[in-house]
Every structure is written in structure tokens, then in C-alpha cells.
Amino acid sequence: MKNYISLSDIENFEQTITEGLQLKNNNTAANLGKGKTLGMLFFNPSLRTRLSTEKAAKLLGMDVMVMNADKDGWALEFEDGAIMNSNKAEHIKEAVAVLSQYCDIIAVRAFPGLEDRKKDEEDLVIKSFKKYATVPVVNLESATGHPLQALTDAMTITELQKTKRPKVVLTWAPHPRALPQSVPNSFVEAMHRMDVDFVIANPPGYDLNPEVRKDTQVFHDQDEALKDADFVYVKNWSSYESYGKILSEGSSWTFSGKKMLLTNDAKVLHCLPVRRNVVIADAVLDSPNSVVIQQAGNRTFAAQVVLKKLLENAGENS
Amino acid sequence: MKNYISLSDIENFEQTITEGLQLKNNNTAANLGKGKTLGMLFFNPSLRTRLSTEKAAKLLGMDVMVMNADKDGWALEFEDGAIMNSNKAEHIKEAVAVLSQYCDIIAVRAFPGLEDRKKDEEDLVIKSFKKYATVPVVNLESATGHPLQALTDAMTITELQKTKRPKVVLTWAPHPRALPQSVPNSFVEAMHRMDVDFVIANPPGYDLNPEVRKDTQVFHDQDEALKDADFVYVKNWSSYESYGKILSEGSSWTFSGKKMLLTNDAKVLHCLPVRRNVVIADAVLDSPNSVVIQQAGNRTFAAQVVLKKLLENAGENS
Amino acid sequence: MKNYISLSDIENFEQTITEGLQLKNNNTAANLGKGKTLGMLFFNPSLRTRLSTEKAAKLLGMDVMVMNADKDGWALEFEDGAIMNSNKAEHIKEAVAVLSQYCDIIAVRAFPGLEDRKKDEEDLVIKSFKKYATVPVVNLESATGHPLQALTDAMTITELQKTKRPKVVLTWAPHPRALPQSVPNSFVEAMHRMDVDFVIANPPGYDLNPEVRKDTQVFHDQDEALKDADFVYVKNWSSYESYGKILSEGSSWTFSGKKMLLTNDAKVLHCLPVRRNVVIADAVLDSPNSVVIQQAGNRTFAAQVVLKKLLENAGENS
């Protein structure tokens, strides 16, 4: 693996999941990253991604340098050919080329603006990093995807599944703010690569990008979708059709104890942070059905297996 | 020791002081924390606490991850049962449970609001961390106490005392801003556990919480209290009775060279940062009687002995 | 070397350049800094300086603690004898003495205000750190100099020079904001210590401090200066005479492909960040003549050789 920009960078998904879970039980690669440096750049806040990726790198023996882009450094220009006489002090070309001098792997987080769909879909920040970096680049959540989260999600389902082909439901839930589609997008991609019975539930107007969901069945009736679910992934996202908009309060979609009863005693996943009693009810989050903490714990090992593959590939080519 | 929330978590105070001072001279535990991670969360600024605790952890071989809570991560909800539809993105339940996945010890700093005494005395942030963490929690200064500072203070007095039972005076001094009572509270607790002749001096209206000071003699006449003092701890705090208020300028309480003459050539302590010529005069701070820098240096070893005890206890139980 | 405040702290410049370039090829000092801590304090933003110095310290086996001064810590008072009853919580005397307790080397960045020349020339922050620190101090760019950059620049020219005595031109270029003279000042000092044919080009009113440039020839005609140049260092600075002012747009001074033709196929240097198509044209930055990325990469090894010499000197004296 040369970069980890999207889930499609993983060649053998099943093997990667297995390897991630093996690292969780036995850190066989504690010295692989010795003398190597991971640089992490945040254009947006982060708790889990920040700490789990830093932890993963250190489990591999790597050094880690963390920067809050813009706050610690300089405002960046992304446009080719720009005459830089305004407030942007540095072009992404130099910033990334320079980071490549100091880091052996660069990881970057940059959320979408949720105003201009076409612009967000260009995923300019992560794409520019990939374009200008001379070292591997890792996506810590971009405008359109969150592949480290999705790998974690797949690892957690694998770890917990009791049947050969479990039913997995991704259900929309309400939220007071307009959120990106990056987490659900990558989760859908992950489910397409697993042997699961996968459906999506969301209110009308909230259908995800058709190029991402492909032929996945979409229910506009949550209760119907939840029937016999073994895993329920609860997550809000803003409208893709009416891009970035909140179309309705949707309070009947809050994932409550009553909704749980429709499932096959399902395990409940969420990427966190979660708005309690808006997205998921206390009764669910505080029950043994909730696996959100175990899921967050797996972030470390998803990041570790990705960094391991990038280091191994770099080692082979050097 | 399972957590370090307050001084009362230390079972054998004298032995802990001795062990801290031994670590200062000979770091016998340089590998105890290898492969372990300390996570430090700051809800308020910090220089000494931040750097000395990070240094202490590294002296034990630990990795350290530092976060400015709220700025780097998400605004946290602390209320049980809250319907989280406003500006708080994450509940403390999840935040702390997740941090416990990535860290072997969690340390947290959160100051009081100084507006609502009852609320501050609940010490919600540190108590919530203790409640929800599955790993040991360290208090880096909470609404009501600063036990790492107090242990440092006790170590510094022990290191410097020339008599078996020195006289120690804690004296209030003026300050332009309303400050917490956390440092004096913990210092009083520390003195109660040492074999010292301990008194407090403060203007009327500034008496500390009676549950903390217990039967310690309180002088409202600073000069009288300072007589024959071997150690003077100078510190401002806002009123406990008229909670969080500054009652008077109190400029006659500035600890000056003239006040020094009343003492038995006392050593002068302060937790820092100190407002020169408001709290303590230049003539005192720049004299050999001031031990504030040595005291700040001891922060490292107080933190080291606390982290050491937490790691040892976790090791025994695993 | 006891401190690295300015280029004059380097005794043998040629030998230091050689040693820096040797470290680049072969890190022979990977354990010299084991158990030692570098503390870095930033009063201003930084990308290259921050990451390259952190990287350099880790290449020596050092631990690194980074702080954004004021943001993470406390506002500092620098004036001797100040009555600290306003917004400054800590005096530089205590801050630096305390940092010296936790760090084996302290590095600090503080830009000039560009309003009061006399005040900026006092270089109060770095000078105060040197005055009050009990450990070595490194300048990460001060009000008047940037000696780590200048050492990098000298290393890069040495690495790339094809003739025994190359012609080096430092040329001013336009910029929308008023910038310090620290980078050009230190570069001039470096060139004075190398065997090069060195000239400066800038518009009238932009002559650098005569005490810095000494008898270096200054051209007010850029084209004339560039003739036969082997190296061109492009950099904006605000006026020294009309202190801190932008006197003119100077758009004819942008370093373009046309300007390149006047040179002897020169290598082009810049300290970065660079405003594309304002300071230097895309055509130059994207050509093989630009060595700005290699130059930025050398920052690591300039920092490494400086830290190495400070550690070695401290070792001899301990």
C-alpha cells in the first residue's frame, strides 16, 4: 500500500482486517517504525483520530509530530497559478514537499465546507497532499471519506459477528448541525467488501451519493430496515441531494430502546462523538448492546495495520 | 495508589516524600513506564504542571500525548441524561471511556468558575474523569485542589528544613484577579500530614473552607503570624465566604523585604506564576531566601513518584 | 558553543557546515541526546523551524516538549522591577528559570513588532532567555536574526557550489505584508563568513542595517546585480530606514523566469514560506533551478549540528 486515501487503497480487505485484529492481541511490529516519523496535520478538531493514530504510530516505534494547521503554521493556498498577494502565506506545493523532508508518513484531516458539493467532491486538501508528497499520505478524514474509521468498523463487526453473514443496517439519525457524509460513505464502501447483508435506512432526501451506495437497498422506513439486524450503525449526515442541508428534525429517527427491540439483539455502532438522546438514547448507549467504546478502541489497531503496510511498502522500495 | 485526585490518596505521606526526593537524586525507575502512555488534558493553561508532568512521565520511560481540551477536541457535556442538541458535541462518559482505551494513565486540569461555590465544590470534571475512566486518573489542578503542587511543597520543605519541627506560615497576598483556593487548600492538607508548627495568615473575609483548615490557627494580623517563621508560603486566593470575590486590595499584605525581617530568616515558597511586587517583592524573590525555582524543579519528582505508584499498582493488579 | 543566539556563536563556520552535511549523510550522534530534553517555545507560528528542530532533536535521541507560549501558558512580563498588577501573569525571570529546571536546552521564537526599531533591536525575548536560563538557549528566529536558517543557507550553497568562489546575490522581492529583516540579516552574516562573491540588490529605501551589511556592495538595480549570479537568494523585507514600512509595491522586482536569464543558470534559494507569483514566479519555483525544498530539508541538519555542539559542550562542563 502506497497511500491510504480511501478504502480502495487496501488490496486484500479480509486479510487486512485479520492482521489488524492480530496486532491488537500481539504487537509483532513494535520496532518496524524505529527512526521513522509520522507527521499529523489537523485542519479540524479531533480526539479519537488524533490520539489513536499517535498511539498506533508509537506502538510501531515511530516518532510523532502533531500540528494544528493554520493555528500553529501558515494559512495555505491550494490554487495552481495563484498570485499570492492576499492572506495565504504558503502554497500547498511547498508545504507538502517540505513536510516530506521531515516526515516518513504524512497524515492529514480536512473536513468539507458542505456548501459547494462539486468543490467538496474534489477533496482538494487530501488530493493535494497525495499529489505533492514524496512520502505516503494517510487520510484522517477528508471531505468525502473516513477510511480509518471504516476499517475500524469492519474490524469491530468481524470481531463480534456470530453468524457467517450478519445483517448490517446503517441508519440515519437526527443531529442539530449539518454533518459531512464522509463516515457513512466509507462505511458503505467497507460493507460492500464484506460478506454481509447490508441495507441503509434514511428519511427521504437523505439518500447518499448514488456512486457510493451503488445497488444497496435504501429504506425510507427505519423500522422496516431494522428488522432482524445483527449490527446497527447509527449516524447522522446532512443531505447529499440538497447538499449540506438539514431537511427536517427527524426526531422519530433517534435510535431508542424501542428501536432496539425491532432488531435481533443487535450490536450498536457509532463513530463518536455521539449526541446522547438526540442520535442515540441513553438506554441504548448504556446497555451491553452498545459497542461504541470497543469500536473506538479498535481505531488504534486499524491505524496500526495501515501504518505498518505503508512502512513495509516503503521498506521494500528503498 | 489507584488514582491521585487528592492528597488523601497517598497512604504513607512521609514515605512518599522520601521516595520522591530519592528519585530526584537517582532515577531508579527509568523503564517502569516503557510501552505505557500518559494522556494529559488541559481545560486551562499550564506551564509548570504541563512540562514537569510530561518530563516526569518520560523519566519513567512513558509516552505522552497532550491535548488542549475543547481547542483540539470537542466541547464536552457533563450532565447525566442531557438531550445533547446544543453546542456540546460529546458526553464526558464517552470521552473518558475512549481516552481509557488509548492511555494507561489520564491526567486532567480544570479550574473552578469561582461563581457558584456549590458547583465548584462538586469538582465535576475531575470527579467525572474518576467515575468514567477505566485507568488511573491524576489531578493536574481541579476546582478545589492541586495535590501535585502540595506534594512538591512538602518535598521542598522536607529538603530544606533545619529543625525537627519548623514553623510554617501560609500567608495570603494581594492579586489583581480572583484566584481559586485549590493551591492553599491542598497545601493546608499537606501541612496537616507533616510534623510542622503550621499557621495561616489572611485578612478578615479570606478564611479558607473550615472543613479544609480544621483547627489550624488563623491570624488576621500578618506580622504576628510571620514571627519566627522558618518557611513562608505566599499565595493569593479569592474569598471563600464571599465566594470568588476580591474583598480589598490588601496592598499591605504584599510579602516584602520588611516582612522577611519578622521571620527566622525564612525560606519563601510560591507555586508560581507569581506577580512580582504585588504578591512578593523583587527584594524577596531575588534573594537567597526565595526557593521558588527549586520548588518548581521539584514538581518533576513529585509527579514522578505519583506516576510511579500508579504504574506499580496497575502492574500488581494486571 | 554555549548558546546559539546569533551566527557569531559559531567559532569555526566552515567546520560546522561540513559537520552538518556529514550528519545528513550519516547520523553518527543518534544517542548523544538520550535522556536530554529540548523545550521549544513559540511566540509566533512556525512550520519548518518547529518540525525540523523537533526532528533534529529526535535524531540525537532527545525528548522534545513544545509549547505555544501565551496560548498554552501565561502572558509574560519582561520589564525589570515591574509592578505586575495588569494582564501579565508571570515574569520572564521565573518562566525561564523554571524552564531550565525541566529542559536541557531551550529554544525560542519571537518576531519583532516592526513598529519601534530601537525596541526590536534590543531583541528582548531571546536576550532575556539567554540572561535568565541556566541551560543553553537556541534562537528559532528573533526580532533581528534567524541563525538556524542562515546556517542552513550556507550548508545548501556549500552542497551545491560548482566553483571555488561562487557569486551569491541576495535580492529583495515584493510582498503584501511588512516582514522582518531577521532572515536577510543572518544570511548577510553567513555570506561574510564564506568565500563567496556576495552582493545585495534592493530598491532605494530598503538598504539593510549598515552595521549588518558592512561593506557589502548594494545595487538598487536588480538586473545589474543578478548578472552572472551562481546563487540567488530571494527574500522580502520591510524598510530598515523607514522602519517596518512598505515603501512601494515593487512588482518589477518579482523574481521571474526573465530574471533567471540574467544569471549564470543560478540556483534559487528562499527560506519559505514563499508567496508564489509575488516573490518568485511559478516558472522559477517549478524549475530545476529552485532548490528551496532541498534547502528546507537541510534545516534538520543545521539544527542537528547546533544541538550536537550544545550537548557536547554541556557534557564537557558537567
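Every chain is named by a letter (A, B and C) in the order it is written, and numbering of its residues begins at 1.
To be clear about the criterion, a contact is a pair of C-beta atoms (placed from the backbone, for glycine too) under 8 Å apart; a residue touches a chain by one contact, two chains touch by 3 or more.
Just so it is clear, the structure is predicted and the values come from calculations on it, not from any experiment.
Here subunit A and subunit B face each other with different sets of residues for the most part; under half of the interface numbers are shared between them.
For the two copies, subunit B and subunit C, the CA superposition rotation is 120 degrees, given to the nearest 5. Here the spacing of subunit A and subunit B, counted between their Cα centres, is 39 Å. Counting partners per residue, subunit C has no residue that reaches two or more other chains. Subunit B contributes residues 42, 45-48, 50-52, 54-55, 58, 68, 176, 272-278, 282, 285, 292-293, 296-297, 299-300 to its touches with subunit C in the complex. Considering their complex, residues 37, 39, 63, 65, 67, 71-74, 77, 81-86, 89-91, 93-95, 97-99, 101-103 of subunit C touch subunit B.
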